[in-house]
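Shared between the two complexes below is subunit A, which pairs with subunit B and subunit C, respectively.
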Partner chain A sequence: MSTKGIGARLTRKEDGRYMRGRGNFVGDMAMSGLKEVAFLRSPVAHAKIEGIEIPDAIRARVFHNADMKGVRPMRPAASLPGFKQSDFPALAADKVRYVGEMIAACVADTRAEAEDLVEQIIVDFDELPVLANIVDAQKPGATLIHEEWGDNVFVVTSRDDDIDAVAKTAPVKVTRTYDMARQTMNPMEGAGCLAYWDERMGQLVLYSSTQAPHLIRTGLAEHLELEQRQVRVIAPDVGGGFGYKCIMQPEELAVAWLAIKLGHPVRWVQDRREHLVACANSRQHHYQVTAYADEKGRILATDVEVTVDVGAYSVWPFTAVLEASMAGGNLAGPYGLEVCRYKTFSVATNKPPFIPYRGVARAGVCFATELTVDAIAREIGREPHEVRFENLVTPDMMPYTNILNKHLDSGDYPECLRRAVDGIGLEAVRERQAKGEEDGRMVGVGIGMFTEQTAHGTSVFSGFGIPLIPGFEQAKCRVTPDGGLEIYIGVHSHGQGMETTMAQVANEILGIDPDLITVVHGDTGSSPYSTGSYASRAAVMAGGAISRTCKVLAERLGIIGAHLLQCGHHEVEVRDGKVVGPRGEVSIADVAKIWYLNPDQLPDDADPGGLEATGGYKPKVDTGSFTYSAHAAVVAVDVEIGAVELLDYVVVEDCGTMINPLVVEGQTFGGTAQGIGTGLYEESPYDDNGQPLASTFMDYIMPGATEVPDIRMVHMETPSPYTDHGIKGAGETAAIAPAAAIANAVNDALRGLGAEINETPMSPRRVLAALAGARKAAE
Partner chain B sequence: MKAAKFDYERPADLDGALRLLGGGGDVYAKVLAGGQSLGPMLNLRLAQPGLLVDVTRIPELTRVEDDGEALVLGACVTHAMIEDGKVPDVTGGALPSVAGAIAYRGVRNRGTIGGSVAHADPAADWPTALSALGAEAVVRGPSGSRTVPVSEFIVGVFETVMGEDEILEAIRIPKLSADARWGYYKVCRKPGEFADAIGAVLVDAEHSVHRLVIGATNAAPVTIADAAEVLGGNGVPGASFDLDAARRLVDGADTNLDDMERHIHAVALKRAVEQVAK
Partner chain C sequence: MKKTVNLTINGRSVTAEVEPRTHLADFLRDDQRLTGTHLGCEHGVCGACTVIMDGEPVRSCINFAVACDGTDVRTIEDFDDDELMAHLRQAFTEEHGLQCGYCTPGMLIMARDIIARLPDADESRIRLELSGNLCRCTGYVGIVRAIRRVLAERKEVASV
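Here is the complex of A and B:
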């Protein structure tokens, strides 16, 4: 078969322009009459706005909520019982609820001048008590962030298994509290958008650094009260998203409105400080876990309380419920858990709203569950991987629907773990530990495992009842008159290499060389509707849609080709870019030339639909295909200063059929690096006044080349039984497990000192505190 | 964030620069050298000077001289020039070693030794390292030059003894004797970040120098000039200097640090001393 189709290690078509600095990002665009926008953002976390004073000389270039009449606040619904909606206006109305919330938009020729305008605005705040954490927010009588609610809880979800019987008899009981720090996502390119009104088309055109142009179009139309056809959204090159760019951002709404209001193009480009202070918040979960197990470590029941610090508002369309409900739903992980009681709380605080981040909720769940597995192992004196073997779902159980209604489709979880244990060289690490280190550091090894539901579709999202539920995915494919191919898809690549991988899928069916294929995406004006690239869905969904559509084209090419080859069209086959018959072959280019330019040579039974088709697809089971993975880390802990160094790192992953292993490896490297950030470095702390303490990269530490070790990768490839070509999602997975694997390694290293660390990031201060706590406990 | 409006001048000589700094009336003028700290501060609008005086093209500030007893480095000599051995080393490797571990190469290419000292960020390397080496700051003002030990030049966080009409002209680094030993240990979250703690030590018995410096505190670097006794006199320096000894020194210094930070500083100091004891 094709050497450039599914499974080929093809270098990425898009890298040429990226590596040469020739990409076209929102910040690169030039347009006549373009003006720049800067936002006045709230310096206080919770306050009534008593007045806004704008000097007359600049009044015409400054806009605030009262100017935006007719623009609706974002108020996404969710169908979970008791869910409370929040009004999130693009520019704050009568109240601000977090530091960084936008109050006014200022327009000038340059960003610097727009910031000069910002400095001239005076806001009269009547400050309110600040709820800077989940504890204060849940206290009886606490200030209300949304007055009409009566409390500060967006929603509570629960599952009420009876665990009392198990609790009474279980020989092993382990109780722990876990905390994940608040993080921001930090794609290399921050957010940014440029909008203008196109008089000829009667259309608002918004260029935005987004993962989901169609979703933004729908959101803008609804909130600006335009017809959908009056909005076109184009995502140009996008420098990373990680989930931050799969929601409608208040800035997009404000910039779109400004463009209509002002009649000239306007642009906002987010700077890093805005990103760190006001945007892209995620990950801050708090867990209280009690696990019951037998003497071998087989988990009999878990009792979990999850509290997510979701910030002040629900984002559109995914709301504030996604995190906690996905946390609850993923508590079983790769294990055959039989009894689980949980309760989740989505708590409003005076912080920026939570946004789905690569591996939504699961980095926290994996951290809580995997550290608990290791705690059980230490309790009973077994190797942690042996305890995992006791609990893993095995291949003979597949497909397996677990107690939390996750339908695990395929895979060999124990084999994945075995390869991780072998890969990291567990025995050698144990020998090294016994010898000790010359420099006095303590070495430890740890494992983190998880499953990741990818490309979960209609049946899953309809359960949340949010404004926008993914359904069938379409692709439009067009053979060009010279035998090339154009693919139009509604998902967007924000760095995943889809211009390459999607071309490989088409190549697999038609054999057209990927160099002759153009993937057109990110433009609502040209592509079929799609809710976008998120939930590790693009490869599965768009890949499947392209595959189906190319098969339609193959059929049509075959009819014409058979006519030219003087044979029946059931006798021909389309492959290697040709229609091949029993006695000869004709190239797709020749067939295309006849369709477009010499229709006089067409057969009578040619399909009038021609060499362009739109096809759609949804996997036959749409609850998601489950990617799974085991990460193993070796660390050295300097117990004098609390520093943790990664000495070795192994990832064993199975994302089903790999369209392009190079791309899977790229995703895995990047995701692991991000997870290392979660585990060891990244943190957005807030003080009691709700002031963010990390507003630049001086204070917000990202892992860099010196912190990410040479990650060793082992692939497994179990095709999903439910998706075309057996593809599973791979985009998010690697970010999930590093914090858990590293924490387990650190705790393994500190075991002899009686210290244990159960929060992220494992900063020197936290490591030293854990050691001090252990010393104190020993006294 | 983009900088607020400012004027920009690039004088050709030191007198021109001094005139711009002194003659502004109510214009707040700021010296721009490598810009590696000032640049971000301008962009964040933490600094909003009316005038930037770019001193990087002033020949006097890039001079390198050996005056017999000391090496004199013009204030605009970059970290990279020191790292790469483009200037002589009179410190047994201390200067290039410290220079090579400042931030990232991009910063070292532009950042200057004088800028780092004049900026007086306690977490930067030069204030601590140069204090340990016994270096002096040569300051030029409208009424001439004066020389101040670096350890006295920095008086607090971002605070020096310089007046607004003065310029740091050069750093004078005394030559060490052949058997002098130095140690320098920096604790940071990752290579290239500003330090969380620095310990520095210089033992130059021939010149009767036994000096320790506690750096990257929340105050000016703390120089302990008479450390001969804690370092064990004239025996093997530092052989008996343990974590407790280091902690006592840190606890006794004006550092404005909490308990855990003082612990980390003590470790840094101990590890610096271990380097000279080896």
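Here is the complex of A and C:
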């Protein structure tokens, strides 16, 4: 078999240009006549706009809502009962609803000069009461963020199992409140886009740092009232996304409109302050959990209320409902939960809108459920992993549909846990704890487990009824006249290395060397439609589509090859870049040459479709292939100053068949680092006036090389029974569990002091507060 | 009011008229079209814009171009044929020390400086030295392993 196909630890084709500084990001582009855009953003969280004063001298270079006639506000629908839609205009109309909301766009030769224009605009605000948190927003008589709603709740979802019988008889009851802080996603390249009108093609062309070029095309066409064929979106190199770049940004809409209005290219490049203050918000969940269990720790029922602070607007197309409804739907995690009652609230506040972030909703759910499992373990005096064994879905139950209708496709969850317990050296940690630390710090060990629904498709997203539902994924593949291969796909890489991994899938089928394969992605002008790279779907969906399409090409190559080899086409097989027959072989390059350049030598039965094909694919069960994982952490807590240090970290993960283990490990390490940020450092706090308190990397703490340990990874590989090659998604998973594993480790360390921490980030202030609370309770 | 600045960029002598408020990174990117120097925060924390100035790594986003008169600046584009950087590029790709590639130029320039300056650096020292460079994709695992590998391989060669 091929040594460069599926499973090969191939180094990445894309690395060379990045390492020589030759990547091509939106901010790197040069274009004749290009002008730069800066936005005036609201300095207040909630206010009516009474007037906008623009000096006459700059009026022609400043644009606000009233100028953008015919442009629709983003108003995504969702089919969940009672969902309330919000109007989110690119530039605020009569009201601003969060600090950082865009009010005007200024255009100049340079960004600095555009910012000079911003400073000359005077806005007359009539300030309104600010709702800076979910408690104030839900109070009776609270100010309304969207007046027509009657309250400040986007949607409520629920499940109403009868838990009274269990509640009366269960020997163990644990009740906890959990909070996860608001975060921003912070890809190192922020958002950015460049647009111009192409007269020859009659097209708006938008270059954008996006994960989903086709989705943006659809969104721009609908909101600018253009035909879809009049819009082309190209994603060049994208410097990270993590979910933030899978929605249509209001800036994309504004810049696209400006390009049409002005007739010359315009560009906006987000700066870090814009990113931290006004964009990419996520993670802020609040949970109230009551769990009932038996004496061994088997969970009999859970009763959960989830409230998500989703900010002021629904983003297009994923809306504000995805987060809380997914939180509700994932409460069972890897466990065989039998009774679950929950209610979720998506609450509007005067903050930037929520955007799906790596491990959407699951980081919060995992935090709440995994800390509850440990609380039960402490309550009954068992090791937390023993309590997990009581509850995990076992391999003999697979495939298993849980009570929340998640169809777990394959895997060995208990084995995953065993390997994590062994990997972290639980017994050795217990011995170390018994001895105590010379420096007086408290050591603890904790585990976090989860399942991640990856590549969930039509049947899942249609349930949300949002504007864009993923369906079949397609790939177009073309053998070039010299035997190379071009692959055109609609998903886009923002760091995952698809130029390599997708070439490996093609290599698996055709044997063409990945060095001779070009993956063309990120351009609506050349690739088949795709809703984009999100939901850990690209490897499964585009990988499957490429595999299917290459099989079509193999068939066609075989017919021509067999003719050249003077044998029947059922006698040949395509491998190692050749058509191999019983008595000889011919290279794909030679077959291609004949198709393109010497068709006089073609057989009569050659497929007229030639050496280019478009194929489509959807797994036979499209509810998602479930990747699962156990994270284990060892921490040392300094109880004097509240500092938490990670001493060791192990990840055991099963993402089905790995296309490239090197890439899977990279995704896992990076996701874990982001989860460490969630657990220990990252926070976007707001004051009572809705003013953001973290507006630079000096006050928004990103994990650095000194904060992230040398993560150790253990692979498991259980193919999905439903996807081609058994592939499951791996992109988002690792960001889910670190906060839970670390919190369980911290609580394990502090157990003897009676202290417990149930919120993120576990900063020194919060650790010390937990210790002080425990001391007070003991008095 | 623009001011005249004279400096050496990647071995080339450059004279330019620059706005006093233009920082070195914008000058390199927009005026000199050296776009390998990236901007990640523009307040001196993330290190994506790291360049070599007079032999030392500096953040080009918090140095005004006009203040760099008389200096010798090297950007990532100047290291194509650099032997140590080639070694690092090989290790970075084999250890998967980059994903989206945005922090990579600054990271490589810093890594090269660490190796040249601290041939005996251990893992914790490497991590300390990297604390001024943020990466959001890799969790630093591949980056640190790549630097350790180059240090070890160079030591091996030196001892032969």
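Simple rule for what comes next: the second predicted complex is superposed on the first by the 779 of 779 C-alpha atoms of A that agree within 3 Å, B and C clash if a C-alpha of one lies under 4 Å from a C-alpha of the other, contacts with A are read in each partner's own complex, and residues count from 1 in each chain.
Basically, contacts are C-beta pairs under 8 Å (C-beta built on N, C-alpha and C of every residue); 3 or more make two chains touch, one makes a residue touch a chain.
Values in this document were obtained by computation on a predicted structure and should not be read as measured data.
Engineer: After superposition on the shared chain, which partner residues are touched by A:T11: those of subunit B (first), subunit C (second), both, or neither?
Structural biologist: It touches subunit C, and subunit B stays clear.
Engineer: Tell me which partner A:L768 touches in the superposition: subunit B (first), subunit C (second), both or neither.
Structural biologist: first
Engineer: Check the residue A:A673 against both partner chains and state whether it touches subunit B (first), subunit C (second), both, or neither.
Structural biologist: A:A673 sits against subunit C, while subunit B stays out of touch.
Engineer: Considering only touches as defined above, state whether A:E115 meets subunit B (first), subunit C (second), both or neither.
Structural biologist: First partner only.
Engineer: Is A:I641 touching anything from subunit B or subunit C once the two structures are fitted on A? First, second, both or neither.
Structural biologist: first
Engineer: Is A:D294 in contact with subunit B, with subunit C, with both, or with neither (first, second, both, neither)?
Structural biologist: Touch partners of A:D294: none, neither subunit B nor subunit C.
Engineer: Output check: A:E717 vs subunit B and subunit C. Expected answer is one of first, second, both, neither. What do you get?
Structural biologist: neither
Engineer: In the overlaid three-chain picture, which partner chain does A:D237 touch, first (subunit B) or second (subunit C), both, or neither?
Structural biologist: second
Engineer: Let me test your reading of the model: by the given contact rule, A:M698 touches which partner, first (subunit B), second (subunit C), both or neither?
Structural biologist: It touches subunit B and subunit C both.
Engineer: Which partner, subunit B or subunit C, is in contact with more residues of subunit A?
Structural biologist: C
Engineer: Once the two structures are fitted together, what part of subunit A is touched by subunit B and by subunit C alike?
Structural biologist: 110, 112, 271, 696, 698, 704, 706
Engineer: Where on subunit A does subunit C make contact in their complex?
Structural biologist: 11-12, 14-23, 25, 27-28, 30, 110, 112, 186-189, 237-240, 242, 271-272, 494-497, 662-663, 665-666, 669-674, 696-698, 702, 704-706, 708, 710-711
Engineer: In their complex, what parts of subunit C are in touch with subunit A?
Structural biologist: These residues of subunit C touch subunit A: 19, 21-22, 29-30, 33-43, 45-46, 48, 75-77, 79-80, 89, 92-94, 96, 98-105, 108, 123, 126-128, 130-131, 133-145.
Engineer: Show me the residue ranges of subunit B that touch subunit A in the complex, using the header's touch definition.
Structural biologist: Subunit B residues touching subunit A: 1-5, 40, 44-45, 187, 189-194, 196-197, 243, 260, 263-264, 267-268.
Engineer: Subunit B touches which residues of subunit A in the complex?
Structural biologist: My answer: residues 110-112, 115-116, 119, 271, 273, 640-643, 681, 696, 698, 701, 703-704, 706-707, 763-765, 768-769.
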